[in-house]
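Going in written order, the chains are labelled A, B and C, and every chain counts its residues from 1.
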């Protein structure tokens, strides 16, 4: 059935077990797995700002798949090895001045990342310093650094582009229709205290306590029997996952034709110029 | 039409009028009807913990049907005659070590109870000391004893089982997707103050004021014209009621095959042992 | 496509441009357009209470269409020239003792007003003293006078009538299912502070600051690129707009047959008598 299109189905796909692995690292992502506790830590270390580039997404999907298929792994903490940013979001250089083939490949990678993460059978905790909203919203629980200078939000409309329906669905599932409607239209980046108040994140802790707190929360979630928790999570998220699975190719075509428009390309180039001047 | 599958249709089913009745009692439920005010009080008195057993549910459905068909009854207050608990939820003994026929009969009774209650044309107020979450969520208004030692929640996943989609739909309609997702995955039992903050209950009052407050709230709701209020309630709840009506048999089959699994039976036996040790 | 059934489609319908216009006034509505900023102010001035009569709605729809088709207009502030009331809601005299033809025409005007407003490509800000709930809910942002004697709500059920499904959908999109269910059943009129707390309005300001605050908020929204903001708004609202477009004729027939019932007519006459005695 369609439900099998994502997530772990441990009995049917044992092929990728990493029984021996303790840690595996690539260029942009560091994965540490503690087989005693069943807890993995996935650290983003792709300078300068952990943007979701095609390369980053590809590595991330592979890491997620490995963990999902590893029966020894029951929960994951996502965090950043870069100060001040968890992830800056979609990489603009992958959406600007590239070929149609590149856009297709890039968008498929964004979709895959989200399908894996939002549909994961593992408990997923985001330990965020700042930014990385879509990624965080797709986890089970969000802890953010208690720093009013740190921001989080889906700011697509500030770039002149539009969040796809499944970003919107994910956002609405967390904060409700009203907050999502206003925040998405304005492309708001919310300071941490506001993000907490709006429900975008679940709690704030001092930055140096992020990892510790994430571990404590994860332990609480792992106290539940996996099977019932997984079926419950799937029941909650399946309608929104199914919606993308059903419209996946349309969504790729829609993205590609939208992003290739000269007006959009111009708008993205302007935004990149503004960013480069800011530095 | 399907809308007629539940609730009172006074003109078409006047057969069960209890014009003379003042009070009727069975073994497990006490019903008092004040025909002057049109207010019934339904008291759960099934020791030790008012669990939703097949017998309890059968009596409850009969009581609800009688009241629904009694034009003299416009509103109901549900409360408990047992200290410290409104209802402990689904009776585990009805889900453990029984025949398929028993599971079928039990689950049909759970469905019937919910269809009657969630689709009731009467105003329904839950005056809760503790527990009884699904029942309370299916009422129009929830008042809980202001006692931080009293808990409420849908804790199925703690038992290793999964709340059916219509428990979930009912929960989401009250607290929204985010709170439901987290609470259902963790099988959380929330202390009264937290239940208020999450919106699971509408207000807290000192335990000895439960009945008085429920009567005051009900009077407020009964000030509205019945017909407009009933049509409005039906408009709000019909999609979720229809969903179970459409999938009722599938839902029975799903429950029966799930609950009969040896792994689930084992998990329920463990939970019962834990409970019996606690006493 | 159906999405084109409402809202501005500037490239395809440039016919109604009002390039020269500074202000245009009718009997019941005053429109001022500042072409420098692209901001229009629409003032309701239909004594005694700006009720949504057939005449008022007809003028309002024409004004909205003109603004929507004017590329010089990017945002609108709606406010009242009448003290103490923004709009009293549906005009009861248009629903009482009239012909079927009149009811049809009236309801079509209510639908048209909502389709134009909820689906507008312009940024729409409601600067409310009191009342006018449906209109306000259909805007992008709601600012209300900070006066606990001012009320707002959908009080249909107090009149013995039922809000149509698209009023309900609009309400649920703003405040969620639970608040809408209770408020609609009770036909509640909420004092301003409660309206803020429930999320019916976005902020309260002293009455004399309404216009100033609305202008400041609108400027913030207009800082975003129109195209991305409009597509995002449409994505959020399209499902609810589509639902009425699909069922528009059914909804008219439903209204007409409901409102023409003698029991409903009697209930409305009673309500009007009560109002006239109150004066």
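As a convention for this text, a contact is a pair of C-beta atoms (placed from the backbone, for glycine too) under 8 Å apart; a residue touches a chain by one contact, two chains touch by 3 or more.
If you're wondering where the values come from, they're calculated on a predicted model, not measured in any experiment.
Engineer: Based on the touch definition given at the start, go ahead and assign the chain network to line, ring, star, complete or other.
Structural biologist: complete
Engineer: Copies chain A, chain C: same or different interface, half of numbers shared as the threshold?
Structural biologist: Interface between chain A and chain C is built from largely different residues.
Engineer: Roughly how big is the turn, in degrees to the nearest 5, that lines up chain B with chain C by CA atoms?
Structural biologist: 120
Engineer: Taking the mean of the CA coordinates per chain, how far is chain A from chain C in Å?
Structural biologist: 38
Engineer: Please output the residue numbers of chain B that touch at least 2 other chains, ranges allowed.
Structural biologist: Counting only residues that touch two or more other chains, chain B contributes 176.
Engineer: Using the touch definition up top, name the residues of chain A that touch chain C in the complex.
Structural biologist: Chain A reaches chain C through residues 156-163, 165, 168, 176-178, 180-182, 184-187, 263, 267.
Engineer: Applying the document's contact rule, which stretches of chain C touch chain A when the two form their complex?
Structural biologist: Checking each residue of chain C against chain A gives 140-141, 172-176, 199, 202, 220-221, 224-225, 227-229, 231-233, 235-237.
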